[in-house]
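There are two complexes below, and they share chain A, which is joined by chain B in the first and by chain C in the second.
Then we have the complex of A and B:
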């Protein structure tokens, strides 16, 4: 198991290096002059040259790339072109808000999604099952940001129960995390239901019933445990979607996280900032997927990594 | 699943009658599914709306009129926006954009992804390694993030959004096709074709592709729905078409500030997106169940 974890951790290195290379070259080979974006349209050639000099943009691309990789390995992503602040400082300053939002969205999605899916499977072919599945179908088909706007309209503007935007208290967190988590909740509900129904057909479930175990013991001890593996796999993927989803949801609720920073930096061609945010988000995603893989062996002792 | 595909290919080679009946069975299974049938009816209506948009729209979608921010009425069924433009007409024209985005993005992803998957799965070796390691890198970008980076490179705009979503969706097709190719290429007819001296290209296109096409169709259908959602989101945050545009996400972006005064400007475009995506998802789910009866509960 330890060797497996070490191996998986090591395999992250080439992947992240690949991500860094791809992001760097894609962003640096794009048309558009960051110096121009910083200085504005009135700047003359000398001013632009001075800005390029100070940003290291006059260096050949491979030198810039070397500096970028060496810096990144030390945890130094450079300074923002736009605000001149240290990229990692800005990112770490905003990261907690995004993590809070993503976690809250995920917790909502897993709790309500899995519970709805399990109950739908339990009441399979009853009206409850149909209702849950219709709602879930809408959940996967609805734009999360629009759901967020509707939530603002009903609960903030009309009823005045919750704030329309901003962050700070737990009350600020409710609507954004609902908007962020709705899709994942719907996906998980559909998956949990079909996975439960699949396992219910297995022989060991019939045996358990035949032994005279109560229905709830069969359902929660035999079926649920065995149907969780595909659900857990999807949780990892959904976390990635959720993390990227914050980019849009943060815009809806003026949430002061990485997503809104990313969009602003992207528009301003603030290359170091965009690189930094993308790399940290990719790293978080890769690590969560690793954690999910390791969690399998807890769920299913037959899976042992060597 | 494999059994089913084998049967299809057998029918293809020597018993055309059987093949027709299998196709008919698939169609029958699809239409027995009420959700899928409903989805298809809605989708066909939407496609008709998109095609005949100029004839169906009661007004010119971009014509500025004095009656601004008017709530829904008999004159303007869905109300008007801040410039007095008729919302219903804008949404009808917007259906063209959304369906187009979905088809183009999925077309890019499906064609490139399928080719790479066939190559990786059939040729194996270093080709497989190079392609799949590259896909691993693309898959390390969560969700829309890769599309965002691509837009940062290409610039904003509707066309670039389509390309970005298309490229970002390539790895899913490559993985799917590669996996299926690995198992199909071991089948006797593929081995026989190889023994007869058929070229790798011919085997991939004539023998393997037809046998992996069913899951691709399902994934592409659901992919159109995903692409429409993604493009609406990207347009909403200002990376899509520049105004004036009837793109549904862009209408929502322009309407945000009127959330207190003009609910219709926010409610209806979102409903349009939801209904479109919902109908495509229902068709996709129905296709999956019909093409692959063993998956059905």
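Then we have the complex of A and C:
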């Protein structure tokens, strides 16, 4: 197990290097002048030139790449072109907000998604099953930003129960995490339901029932546990989607996380900041995947890593 | 589906839909002010409270020398003072931190006489030496100054003659300089103590002399400012001669329009801009008062790339001007919230030449057709588009994908089709668009601007700015160069005005670009905000503002 974890951790290095190369060259190939983005329309030629000089954009590309990689290895991503703050400081300052939002979204999604899926399976072919599946269909097909706006108008503007945007208190967290989590909840509900239904047909379930175990023990002890493997896989994948989803949801709710910063930085061709955010988000995704893989063996003792 | 057949499923879906519609339709109306007496009563301003302002764009930094962002300018204006101000009614220059000034006849020496009672937030006195240090920093190439150096112009040397007298020696006379001194956000004095203390992080800990002190900046969320209790040097046009009334100002950043308006409606914001398309919702709203002003710039115009055929031909450019019917474009792009533009400058900008209204191109597609015929672009029988030497008259139009630009480009496409010109719209994200325009890949592009001085003419028309600045029409006209340089390097206001007028006349005559409209802007102000006002250029006048209970 330890060897496996060590191997997996080592494999992160080439992955991250690949991400670094990709993000660096893709950004540098994208048209758009960071100096112009900073200086605005009024800047004249001499001013733009001076700004490029001060940002180090005059160096040849391979030198810029070398500096970027060496810096990244030391954990130094430089200063933002746009805000002139230290990139890692800004990222670490904003990361908790994004993690908080993604986790809240995930907790909502897993709690409501799995519970709804399990109940739908339990009441298979009853009205409850159908209601859950119709709602899940809406959940999967609704664009997050639209749903977010609807939540704002209904709960914040009309009812006045919750703040429209911003962060700070738990009340600020409710609407964005709902908007973020709805899609994952819907996916998980459908998956949990079908996975449960499949396991229910298995022989060992019939045996358990034959032994005279109560229906709830059969359902929650035997069926549920065996249905969870595919669910956990999807939870891992959905977490990646959720992280990506924060980019839009943070924008809608003015949530001060990495997603809204990424959009702003991309627009401004703030190369150091974009590179930093993409690297850290990629790292988070890789680590979550590793955690999911390790979690399998907890769920199913037959799975052993070596 | 034994228990639940498909009919019942359809019924359920229908019920869910109906319920959701009903929920939206029956959403409670905003609480209506039920106080029957709503007479304006002259009340004594109250101290206290927090003024919450909603803003779309967050500043990148609050270091005046490292930003050109309007959002940064707004915050910096609240924590600093201008050297010179403008009368809100007449736009004349009036004293601010500089009580008086002298400009030598040749325009090469400017002396500022500063007030002796102002101080920085650190408690350090505001002196000529501090102002010199600030501007020296802005002009030092090491600083990487983004915009302020352009505003200060070709300054050669600054000398603090005594504590409160600053002598500025210029390399060349610089017309827009006094205007630059009014721009507190860029040309204010930086607190030397704060700069020393925070070094590279000064932009997150700014300090100056203004009515509010910087308090906190939570990245991505808000900036808070607190009252400067020691403040006693506001511009003379304010009633309030001391510190501001609210305890705090919070500027909250909500990028997207819809959530920002939602926050406004929910009562979370006191002041915010409202896009023209949404303004009707707030016009009749009992809780808000709407203020409007014209953009100090031409919000929408078509630029013709004169480096490329056939736009190097003045006949073609005039035809493209004559073919534009502006009213339907204003209706489509801004829901009518704009006025027609006639020349490169707007009527509310100092330096505007009224003569453009007599010589500007009025919609006349027939005349446009004749001009194109004259230029050799003729319409073959049964063809939709004009041709010359077997080539179709086809022009690219570069835009960014915002609602107003898309609507305008589509209207133009239809209007140009009517005179036999084919337009291909190409849409790019802003950063990409600017790069492509600088490279001159386009035939035509849409563009809008806001600026406070006719020196804008230099930026868009001077040949030296083609390919490197914003002369994206690639105008190379020695006569125009001479005129825009003359307005830039002349200090006599009347002379400047004359040169600017000639440049505007030439621009219209040569049809360098086609002005379309100038947008009206709207600000919604909550009824609890008292004594708010704006000046002729839309600047918010906040120093008299107080909050009622």
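By our rule, the second predicted complex is superposed on the first by the 302 of 306 C-alpha atoms of A that agree within 3 Å, B and C clash if a C-alpha of one lies under 4 Å from a C-alpha of the other, contacts with A are read in each partner's own complex, and residues count from 1 in each chain.
Note that in this section a residue touches a chain if its C-beta (ideal position, glycine included) is under 8 Å from a C-beta of that chain, and two chains touch if they have at least 3 such contacts.
This one's a predicted model, so the numbers in the text were calculated from it and none came from an experiment.
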Joint occupancy of chain A by chain B and chain C, clash or fit: clash
Which of chain B and chain C A:257 touches, first, second, both or neither: second
Chain B versus chain C as contact partner of A:75, first or second or both or neither: neither
Chain B versus chain C as contact partner of A:165, first or second or both or neither: second
Which superposed partner A:83 touches (first chain B, second chain C, both, neither): second
Contacts of A:149 with chain B and chain C, given as first, second, both or neither: both
Partner chain in contact with A:157 - chain B first, chain C second, else both or neither: both
Touching partner for A:30 - first (chain B), second (chain C), both, neither: both
Touching partner for A:212 - first (chain B), second (chain C), both, neither: neither
Superposition clash, chain C versus chain B, among 91-99, 145-153, 343-351 or 397-405: 397-405
Footprint overlap on chain A, where chain B in one structure and chain C in the other make contact: 30-32, 149, 152-153, 157, 251, 267, 269
Complex contact set, residues of chain C against chain A: 1-4, 8-9, 12-13, 16, 23-24, 27-28, 58, 60-61, 63, 66-69, 141, 144-147, 149-150, 200-201, 203-204, 218-222, 252-256, 258-260, 262-263, 265-266, 268, 429-432, 434-436, 438, 449, 451, 456, 459, 464-465, 468-470
Complex contact set, residues of chain A against chain B: 14-16, 18-19, 22-23, 26-27, 29-32, 137-138, 140-147, 149-150, 152-153, 157, 194, 197-198, 239-245, 247-248, 251, 262-263, 266-267, 269, 274, 278, 281-282, 284-286
Partner chain C, residues of chain A touching it in the complex: 30-33, 36-45, 47-48, 50-51, 53-55, 79, 82-85, 90, 93-94, 97, 125-127, 129-131, 134, 149, 152-154, 156-160, 163-168, 250-257, 260-261, 264, 267-269
Contact set on chain B toward chain A in their complex: 35, 133-134, 136-137, 140-145, 148-155, 225, 229, 232-233, 236-239, 249, 252, 256, 259-260, 263, 266-267, 269-270, 273-274, 277-278, 281-282, 297
